[in-house]
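Two complexes come next, and they have one chain in common, subunit A, joined by subunit B in the first and subunit C in the second.
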Partner chain A sequence: MNIRALPAALYVLLLYGFIFLPVLVLVLFSFQESRLPVPPFDGPSLAWYRAMLADDRLMDALVNSVLVGVVSSLVAVTLGFLAAYALARHRLPLAGLLRGLLTAPLTISYLIIGMGLLITFNSLGVPKSLWTIGIGHVVINLPLCFAIVYSQMGAQQAHAERAARDLGAREWQVIVLITAPMLWPALFASFFLSLTFSWDEFIIAFLVSRFDVTLPVEIWSMLRSGLNPKTNAIGSFVFLISFLFVLLLDLVVLRKRPA
Partner chain B sequence: MSTPAVEFRDVSMRFGDTAALTGINLTVEEGAYMVLLGPSGGGKTTLLNILGGFLEPSDGQVLIRGEDLTHVPPARRPTTTVFQDYALFPHMNVAGNVAFGLKMRHVPKREQQERVAQALDLVGLAHTAGQRTHALSGGQRQRIALARALVVEPSVLLLDEPLGALDLKLRRQMQHELKIIQQRVGTTFVHVTHDQEEAMAIADTIVVMNQGSIEDLGPPERVYLRPGSRFTADFMGDSNLIEGQVVTRRGEQLTVRSALGEFELPGAAESGTRVTLAIRPEHLDTDPGDGRLGLGKARVLECGFFGTHHQCDARLESLPDPLKVRIDQKRLLRPGEVLDLYLDPCDVVLLTR
Partner chain C sequence: MMANRRLAWGLLLPALLWTLTFFAAPLVIMGMYSLWQRVGMKLVQTWTTHNYQQFASKSFLLESLVNSLEVTATVTVISILLAYPLAYILAERVPARWQRLALVMAILPFWTSYVVRSYSWLLVLSEGGILSNFLMDIGLIAEPMSFANNRGATVVGFVHFFVMLLTLTIYASLVQLPPSYRKAAADLGAGPIRSFIHVVLPLTLPGVMVGAFLTFVLCIGDYITPQILGGNQELLLPQTIMMQISRRSDFPMASALAMILMAVVSLAYLACARWLKLDRL
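The block that comes next holds the complex of A and B.
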């Protein structure tokens, strides 16, 4: 290797190390044999993965996370798409304000959103459950879905929609047969981003849940009783799932498409 | 008399303070190929959009086969459109695109397949049925758009600058095909363009539009040879426009005095009226021929070669502006040369507006 490339290589190594070293350590010590996830490494062993799968509370939390993630993402994509369609295709009064209000939650911290929801649910007497977590996740993901879909609504779709109407399609047929299929990559991307965010989200889920919790909340309660390789195992598992989402998104949506 | 395919009654369109159309009255006969021709902003596309149902006129009525459809949306009109950008559905294959309108009309599956095959056959693209639309060339997409619009058997087919995106050679070929297809299916076509040659080549009737109203209307030969207004004479090909004044009137026979001399012309205008004389460049000749009128000597300023002919700017002593003159393709002219110009008075067109 060229000697002059060395500083650059070193820099890249440090940069990626900084990002990925914690994850690597987490994953490595999930294969630890003994009870403490600290050096020296005495694995590899799958004992803690076995323990994880045998933990009913953890598995319940996993199922809850999947349920909340899929349902809240579907709702967020549907609502975001309809809002984008309305704002892109119709002249609405105060359209700028509506658009601003739809995307505003992106700028508010999850903690504030979570507290706001908690107070609202309490004062309305809504019991804390998976439903309230789902509502919280729709609140944080809807702006994202709206922004992604809205940015992809161009003149090409508008012209195709016009042609469909001209050929006798009713309004719902235009949306179902033309607009949505043409926006498929954007819809797919917003669904998987929402799913990833919901899967990882802790603070809102923590604040507005009670008995049924999602995986991040369950992990947090495990951490309170101290570190052990099982938390590493579950952490690695969560990371793997998120990674697969992003990979899928990358493969399906971001790969180069024929024009 | 049979019911016309389309009737516009006093149609006006305003966008805010701008009047896009004013008092349009127009009838399109069943089976006609009508071309709306004009510069951008002339109102031709607005009129087409009103016919297709994409715009509701501010005033007036639109009748299709005698039925008032002024306020009926596009989906429930017996019209379909070939759009300028074709607007094919990129997520469907060719057959899916063509079948779309039939599906919306709940035509049985088997009949759909037959009619799609016929429509694709009509435009010569039966072999592309299973292909994706982005794999097709511009000319092929244009034909698919045509098949998709024709397959539902509309009362009137609307074409919004359908050839605008094609190169010149393909455009001339497609306009020929459009005409043939229209004659074969017999559907009424209303076609918008700003290309005069295209309009003359395909239209049964040309409607010249300018600033939101109809300037002229008639068969291509009439509109070109006997334009009804200064605008038409200038817009349809080249014309030399010369100011004049009516000096005497004897019934339908006028004497007009102009810088080119006095002409005896048929027409209706009071003496003293200011008029314009329109003379096509190809009607000016360098040969006295039989009974042509001598205009005098003209000095050539510029000369360009157009393949079928040369066109020159030549200045007559008596006229402030140079005249456009068409010269034989094989004759070489240089700036500075002097020509004797002659004109058959029959070719002079009198314009009163």
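The block that comes next holds the complex of A and C.
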């Protein structure tokens, strides 16, 4: 390393420090022994992880988050895939407009989507529940799934589909046996991306939920009691899970794709 | 062919219905609400621009939009200035086989939960927190002090997130730049600075603009970061919207504010439209 590379190295180091500082502090003080997650550090102790596991509301919220995430992501991927297939394989009138409509939610703030749903559910008398959260999460993830799958629908699959049709396959057989398996990296990526977004989504879940809440909403209500190592513990735990999602996505999908 | 087309519509229908019912219709309903009015505890369904007039005349409503615009502009500019050099060094100076790892590391905290990320900045900035403790250790301050609960804390929390986002988009446009362009610039006699200003910067501008637009949209619509880190001295627009909903149950007013937020985002979109192509997603 020569002397000219030094400022660059220093800059990278400083910025990485800035990026990692809050996460390191979060994880370190989740192992705090005493009641305040501020210096001096007096751990390591697993007391707050035990407190987290013993917290029924938190554990319920965790289960709710997984349920809402898995179900809403499955719905989003399925609807997105079918729509992408229809628009990529058939010439439909107003196709550009339809694509625009399906991807439009990407350009609107979650806050506004959530508020629209809240007002609509309220005026129709729909009770707020995990179902309404799931509906909201499909709204935000469907455009993403559609866009990802649509972008991966190439001529290669179209040839295989035509061959299958020539050999007498029905349309649903083509979709289930040919198109979906050939597109599985895109489907898998869409599913896990949706899961990650649903898992982390706060504002919609906050607006359209009541008694049963997801994890970010429960963590939000924990914040009212101020700084607390238990919040650090659940925060570090959520980070670990999200990180595993991403690692899995990376290992299974991105590595297999030819560069 | 006729049967095929009917089938295609059938496949498209579920996604279309979902988007129309749970996205488009609610926006229309919200637009209608914004033109109604809450009187006492009752909703009066006659058309009126009352809420929009209130917005223009009540200073705390207008101020929250101004605050939001100021914070968002500050965050966008600081984030670009911090992220560009980082992306540049990662793309140009780091050996190719380390780049992927360096990039993954640079955006690792992206994957902490959004609520938790703001909370962890509170750990750093609050009274007796890491920063205050560090400054006392090196003797810059004598008493523990709080750096949270003000606009600066909100900006720090936002910049942290958007530096990661912008590093990604700028890096992506830097690695697409063929090295031959810069070699050509050098052959024609341009020094490194001129070649950067006249070749590299203009060609990576789309990456910067995509990131800047995302930063603007996500930042101006965010409720969590200012609510956790900003304290209650000033409100941003999303906080004012949430206050209308949760404290006052004034859905017409909240809807009008949301329409205004949407209009601001649309204006930003029109301003950057030539750089943004959603198809390339």
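Assume the second predicted complex is superposed on the first by the 253 of 259 C-alpha atoms of A that agree within 3 Å, B and C clash if a C-alpha of one lies under 4 Å from a C-alpha of the other, contacts with A are read in each partner's own complex, and residues count from 1 in each chain.
Just so we're on the same page, a residue touches a chain if its C-beta (ideal position, glycine included) is under 8 Å from a C-beta of that chain, and two chains touch if they have at least 3 such contacts.
Here the structure is a predicted model, which is why all the values come from computation and not from measurement.
Aligning the shared subunit A places subunit B and subunit C next to each other free of steric conflict. Using the contact criterion defined above for the overlaid structures, shared-chain residue A:71 touches neither subunit B nor subunit C, since it reaches no partner. For the combined arrangement built by superposing the two complexes, subunit A sits at the apex of an angle of 100 degrees to subunit B and subunit C, based on C-alpha centres and given in steps of 10.
In the superposition on chain A, no contact is made by A:126 with either subunit B or subunit C. Judged by the touch definition given at the top, the superposed model places A:178 against subunit B, while subunit C stays out of reach.
The larger set of touched subunit A residues comes from C, when the choice is between subunit B and subunit C. Within the superposed three-chain model, A:47 lies out of touch with both subunit B and subunit C [touch as defined at top].
Applying the stated contact rule after C-alpha superposition, one finds that A:59 touches neither subunit B nor subunit C. By the touch criterion defined above, A:232 reaches subunit C but does not reach subunit B. For the pair subunit B and subunit C, the model built by superposing on chain A gives 8 Å as the shortest CA-CA distance.
Listing the residues of subunit A that touch subunit C in their complex gives 5, 8, 11-12, 15-16, 18-23, 25-26, 29, 36-39, 78-80, 82-83, 85-87, 89-90, 92, 98, 101-113, 115-120, 122-123, 135-136, 138-139, 142-143, 146-148, 151, 171, 196, 199-200, 202-203, 207, 215-216, 219-220, 223, 227, 231-232, 234-235, 238-239, 242-243, 245-246.
For subunit A in complex with subunit B, the touching residues are 156, 159-160, 162-170, 173, 177-178, 181-182, 184, 258-259.
For subunit C in complex with subunit A, the residues that touch the partner chain are 4-5, 7-12, 14-16, 18-20, 22-27, 29-30, 33, 82, 85-86, 89-90, 93, 105-106, 108-109, 111-117, 119-124, 126, 128-130, 133, 160, 163-164, 217-218, 220-224, 228, 238, 241-242, 245, 251, 254-255, 258, 261-262, 265, 269, 278, 281. On the subunit B side of its complex with subunit A, the touching residues are 52-54, 73-76, 79-81, 83, 85, 87-91, 100-101, 104-105, 134, 148-149, 152.
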